[in-house]
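A, B, C and D label the chains in the order they appear, each numbered from 1.
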Amino acid sequence: MEILIDTILLVLLMITGFSIVRMRSLLAATMLTSIYSLLSASLFVVLDAVDVALTEAAIGAGISTILLLATIALTTDREKPPQRTPMLPLIVVIITGMALIYGTLDMPHFGNPQAPVHLHVAPAYLHDTPGEIGIPNVVTSVLASYRGYDTLGELAVIFTAGAGVLTLLGYRTRGGNSMDPGIRKLLILRVIGKLFFPLILLFALYVQFHGDYGPGGGFQAGVIFATGFILYALAFGLGNAQRLIPHQLLRIMVAFGMLLYIGVGIESMLLGGKFLEYNVLADDPVSGQHLGIILIELGVGITVASVMLMIYYVFRSRQPEGDL
Amino acid sequence: MSGLLGLYNYWIVIILMMTGFYAVIARPNLIKQIIGLFIFQTSVFILFISMANIEGGTAPIIKEGIRLYSNPLPHVLILTAIVVSLATTALGLALVVRIKEAYGTINEDNIHVQDEED
Amino acid sequence: MSPELTVLACVALPLLAPALITALHRWPNPRETATLLTSGCLFLLVYSLHDDVLRGSRPAIDLAEPLPGLKIGFEVEPLGMLFALLASFLWIVTSVYSIGYLRSHHEWRQTSYYSYFAVALGSAMGIAFAGNMFTLFVFYELLTLSTYPLVTHAGDDNAREGGRMYLGYLLGTSIILLLLALVWTWSLTGTLDFRAGGILEGVVTPGVAGILLVLYIFGIGKAAVMPFHLWLPAAMVAPTPVSALLHAVAVVKAGVFTVLKVVIYIFGIDFLANIPVTQWLMYVAAATILLAAIVALRQDNLKLRLAWSTISQLSYIVMCALLVTPLGIVGGGMHIVMHGFAKITLFFCAGAILTATHKTRISELNGIGRHMPWTMAAFTVGALSMIGIPPTAGFISKWYILLGAIETREAVAAGVIIMSTLLNAAYFLPIVYVAFFRTPNDTLESMPGHNTRDTDGEAPPLVVLALTVTAAGTLALFFLPDLPLDLMLQLSGGSP
Amino acid sequence: MLISDLPVLQVVIPLAAAPVCLLLRNPRHAWACALIASWLVLAIALMLVQRVHAVGTLSYAIGAWVAPWGIEYRIDMAGALMVLVVAIIGALVMPFARRSIEHEILEKCTGLFYTCYLLCLCGLLGMVVTGDAFNLFVFLEISSLSSYVLISLGSRRRALTAAYQYLIMGTIGATFILIGVGLLYMMTGTLNMVDLSQRLPEVANTRTIMAAFAFVTVGVSIKLALFPLHQWLPNAYTDAPSVVSAFIAATATKVGVYVLLRFFFTVFGMQFSFDAMHVGEILMLLAVAGILIASLVAVFQDNVKRMLAYSSVAQIGYIILGISMASAAGVSAGMIHLFNHAMIKGALFLAIGCIFLRLGSAELRDMHGLARHMPWTMAAFVAGGLSLIGIPLTSGFISKWYLASAALSGGYWPLVVLILASSLIGLIYMWRVVEVAYFHVPGTMMHKVREAPAVMLIPTWLLIGINLYVGMDASLITDITRQGAEILIGEALQ
């Protein structure tokens, strides 16, 4: 059964992928990209990667799509037909693809329990997490503790993106007393927005703090949180959203989340441990791990949410007023 | 599954990857390139998640009575990679916006023509 | 001061002098005094070493070690002593000459001129006293670079073209061929030290040694062996004092000096004698002598004729080195000195003529001897020395070279020497002839810018003084060749 | 915090300074913050070199999770050298940056500029010291993303397209690396480099590992701008702000080379990389082509920054050439040139930065007679140029010497000639600038031009000083690289 769904999803992905490349309308391509992302999120669920699925859905289908739409609004939604069909890219792609397919020939088969990935390193995570970290979600334990440093790096990446977008597009404040004219008429959106906004925030909080036990964690929560505000901004106008969370506050929160994460690492060094060694944060290693994970997940959540929101603000504020 | 059938999953993923890759390097439209990049990267994620899969396994959240879990490590890696991909997309799109403002076009061929004139 | 420190001072003094010269750039007279003082001190320092060297001591000092086994270090031996004495003495004279020349031409950038000149001399000292091939190479390149601004002093398109050729040839040959030879030698022997008897014997096969020799001889572009000789005529865009000291003495002699050093201390004469390539290279040098002399014959520009003559004369020395006999080495060493004095005199004269009459062409020199008797007398002495007619210095060196050729039974070499002597006569004597025995062109007096203030038509006194000194030196060396000869004999370890 | 935490601290300090910079409103304060962080990094780098020298390879388990379960920082002599290169350049461009940046980019972006600079610094350092293949990817992305931003800040609109082009190529490269790392993981189950090197021989003959090797190599080659994957580089270096050109030219590609070294020698092992995959021959071919073609293209550039950029492509060729010989001498020579070229190019780009400050242009045609108005800057440029050509007593000479002798001892005759002959092409393009600056009559605009301020000249001359010092006494650097190369090769021979 799983295999059937898997296959169907893959075929759908292929169809979507080809359509995206062929599509001349960028708007349509964006929508298809969103679908592509959702399809892969579904595939991730089938493949037992629930955390990844959640993230992909929130980031790929959510934020990325919004950014693409914002960009299209600022640029154009028509792709000019290419004057020529370049041969070189085709050859490069075919060679790359052939190299990869050649590479697959000696791969362990899909789902094979004897594959090296299932025999080395990973089993230790599954085996030791309950004892060493004390939380059931192994993805969270690896993410936040065993490979917590990668996550710090990841946070730095998203921080870089935030700083970068801010640098590139700058930020323009606007009056914001008016709702965006296009949306003011859409009563349904406003009602739904009002209805959903608190629910989304609540869900974000749940994802944030339930990440130890089920799928979720700082990244997903941050993205969901940001999505809630983006919805708010869409329904009630950018100005109102900015009154709720001003740009300056975002800037501080972006930095704060990062500093919180690094602070945990430095604190553990000051307490005599290694960088990001949560064991020393409390008397008992396991509660130390708990504390550390909660704190850094919080840092991640804060920074991700504020970066996402900031990027959105920046893109939107680039739009000429009344031209939404 | 036996023989080459056990690899079909990877092959489709490779085709997906190459679809995205092609869009990046063959399309002159900058937004299309970013979309291509996105597809390319997302497909790589599927490759990673596929390898984490284990027959008869379940999501790596420890529960009583379950012995076989899929591999959590690739999941973690891909969580990171998704965020990286988003960061790249955001930056790329910001650049596209600026390029549009500076050149009035987001078609690579037209941009080159303008650069030549400079 | 201990001899070691003196050696160091000899190199350091001219290299540091630009600081003083630049500091005094507002006051021309003290500035020139600084140059004169430096050159005077340098000569005294160098001279103070020569006794020790004649007594067989070899003061040495190491400074740095940029690469393992490759030191920046100095060691004085007779040949280097000779070169250093020559260069430092002529620097004094040239400085005197420069002052007269530059001031009467109202040249610009005189401060940087004197500064780079000092650096060039410092590099020449470094080459002379280099304790190993690596140090020599370093100063060799420094000499190229520091003379580049002098060559291009005029700063116009012509100068730039000439500078390009100059730098291209000298850096090109040294980086591609010479450096290759050095790296190769180093990787074969693990050292680049100068050792009596050479460092290559027993380490390499004659075949490899042959290739190395080719790389060395052609890589030392400053020796101007054909086909790497074109930089020298190109360098004639420089002001005359630069051509005089650098392109008759310091730079080109550094080249042939390096050839001698390589032959004696890297290969060793005995080893080299067994390499078949040596003879072939000698023929190349011989061909250069004749070809360059023939080209010189056809030059109407005086400085260019002198330059081509230099190319020809340089190959004398290269040929001597490749005769691989002690006598040849003595001849080569002597020729460095003798040719140096004669050629600088000739250049000084060319510069004096330029200063006084603004003439650069030989065809314009009719009767000039009557207006500039001192200058043309000095020119005659120089020319005779070039040909090798007693009582001038050139005779002595040619004598030894001929002896060397005869000793090795190199009929070709001997023949070339005689042929070239005839050619020398053919391209120098007509100048002397027209200068003294032709009636002047009537245009001479009415030349615009002609120096009417000086009724004699002579160049400024400092210029004349300088060229008189070198001409006198050319004569004196015929009668008193002891100092250079003793040094060379000590090097070859015996009496002729 | 103890001395044992140094390996991680030097990455964490710029990482922590970046958000602080973001918070500081005053550009001066942001600059001071970045300055302090970069000098701290330099201090730590020096201590690290000293410690590695004293006790050998350092290993630091982040979060106290031992490798291969946790992420390990691993610094051997080669790594310490790289850290030092990045730290020196970082510390020296910062004092330079203030004036230059005030002049070249908008004031409101200044604070963000320093934030991005710190992130880039952090990313590069992280790439060097990490012992984990995936962590490498993460830090690679930090440095790449921030450098896209930095490049896009250039004053002309072409900077945007340059940054975009770099973004596309860089992301393709990074994704290739990700694929390669994924394949490696698939076959071994581990991401730690040392662990990988132990587990790879078992599966070395599989086609999957070969594909992994190919993808990692191509991916990293894009990052280090190996010919012919260098197209992003000339545009990026030309149009970026001067400080960024100097910083990135001196560090980013070098770190790329180092990553390549790590993969070839530590992860895959010399036997696999060079004997089985024949990467040596391929690299040698590309390096030679790169040296010749890029040098020749450099000769025909009218923008000095673009000329230097092409020269960088050629110089990377030299470094790769050394590595492709797959001998201790060759790798060591490559690393020497890596260090030296970082210092040379840093200095040259800083000198151009000084010129840009006063002229507002890096075009050759605007530099007529410049030497009379900016003697110190031009002198620095000439000194750097001489080093690039490889004149004795400059560091470039040391590089050429070692490269040539490595090629000699490997029996690669034509390469020796190539290495020496191509320096002459360097002579040609450097001398074009010298002639214009020294021999042409200054234009009318030139009257207003003054010498660059001391805060910019001093860092430039410090870098030149390092060049000259290495030229005078290379023992320090050759010692380090010899040890580094021995460790790399030695590990490979196990």
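In this text, contacts are C-beta pairs under 8 Å (C-beta built on N, C-alpha and C of every residue); 3 or more make two chains touch, one makes a residue touch a chain.
Note that the structure is a prediction, hence the values are computed from the model and not measured.
Novice: According to the touch definition, list the chains common to the neighbour sets of chain C and chain D.
Specialist: none
Novice: So which one's got more C-beta contacts, A-D or B-D?
Specialist: Most C-beta pairs in contact, of the two: A-D.
Novice: Which chain is most central here if centres come from C-alpha coordinates alone?
Specialist: D
Novice: If you average the CA coordinates per chain, which chain's centre is most distant from that of chain A?
Specialist: Comparing chain centres, C lies farthest from chain A.
Novice: What whole-number Å value describes the gap between the mean CA coordinates of chain A and chain D?
Specialist: From the centre of chain A to the centre of chain D is 31 Å.
Novice: Quick one: chain A and chain C, Cα centre-to-centre, how many Å?
Specialist: One centre to the other, that is 75 Å.
Novice: Return the distance between the CA-based centres of chain B and chain C, expressed in whole Å.
Specialist: The mean C-alpha positions of chain B and chain C differ by 70 Å.
Novice: On a C-alpha centroid basis, what's the spacing between chain B and chain D, in Å?
Specialist: So the centroids are 28 Å from each other.
Novice: Got the chain C residues that touch at least 2 other chains?
Specialist: none
Novice: Taking each residue of chain A in turn, which ones touch at least two of the other chains?
Specialist: If we look for residues of chain A contacting two or more partner chains, we find 100, 104-105, 107-108, 115, 117-118, 121-122, 125, 147, 150, 153-154, 157, 160-161, 164, 168.
Novice: So which stretches of chain B touch two or more other chains?
Specialist: 17, 21, 25, 51, 73-74, 77, 80, 84, 87-88, 91, 95-96, 98
Novice: So with touch defined the way it is at the top, what topology do the chains form here? Options are line, ring, star, complete, other.
Specialist: Contact map by chain: other.
Novice: Which chains touch, pair by pair?
Specialist: A-B, A-D, B-D, C-D
Novice: Per the contact definition, I'd like the list of chain D residues that touch chain B in the complex.
Specialist: Touching chain B from chain D are residues 134, 137-138, 141, 145, 148-149, 152, 156-158, 160-161, 163-164, 167-168, 171-172, 174-175, 178-179, 182, 185-186, 191.
Novice: Where on chain A does chain D make contact in their complex?
Specialist: Contacts found on chain A: 99-100, 102-108, 115-122, 124-125, 145-150, 152-154, 156-157, 159-161, 163-164, 166-168, 170, 251-252, 254-256, 258-259, 262, 265-266, 269-270, 273-279.
Novice: Which residues of chain B touch chain A once you look at their complex with the stated criterion?
Specialist: Chain B reaches chain A through residues 1, 6-23, 25-29, 31-32, 34-36, 38-39, 42-43, 45-46, 49-63, 68-80, 82-91, 93-98, 100, 106-107, 109.
Novice: Mind listing the chain C positions that touch chain D in their complex?
Specialist: Residue list for chain C touching chain D: 64-68, 72, 134, 137-138, 141-142, 145, 152, 155-156, 159-160, 163-164, 167-168, 171-172, 175-176, 179-180, 183-184, 186-187.
Novice: So in the complex, which bits of chain A are touching chain B?
Specialist: Interface residues on the chain A side: 6, 10-11, 13-14, 17-18, 20-21, 26, 29-30, 33, 36-37, 40, 43-44, 47-52, 55-56, 59-60, 63-64, 67-68, 70-72, 74-76, 79-80, 82-83, 86, 89-90, 92-94, 96-97, 100-101, 104-105, 107-113, 115, 117-118, 121-122, 125-126, 129-130, 136-139, 142-143, 147, 150-151, 153-154, 157-158, 160-161, 164-165, 168-169, 213-215, 219, 304, 311, 314-315, 318.
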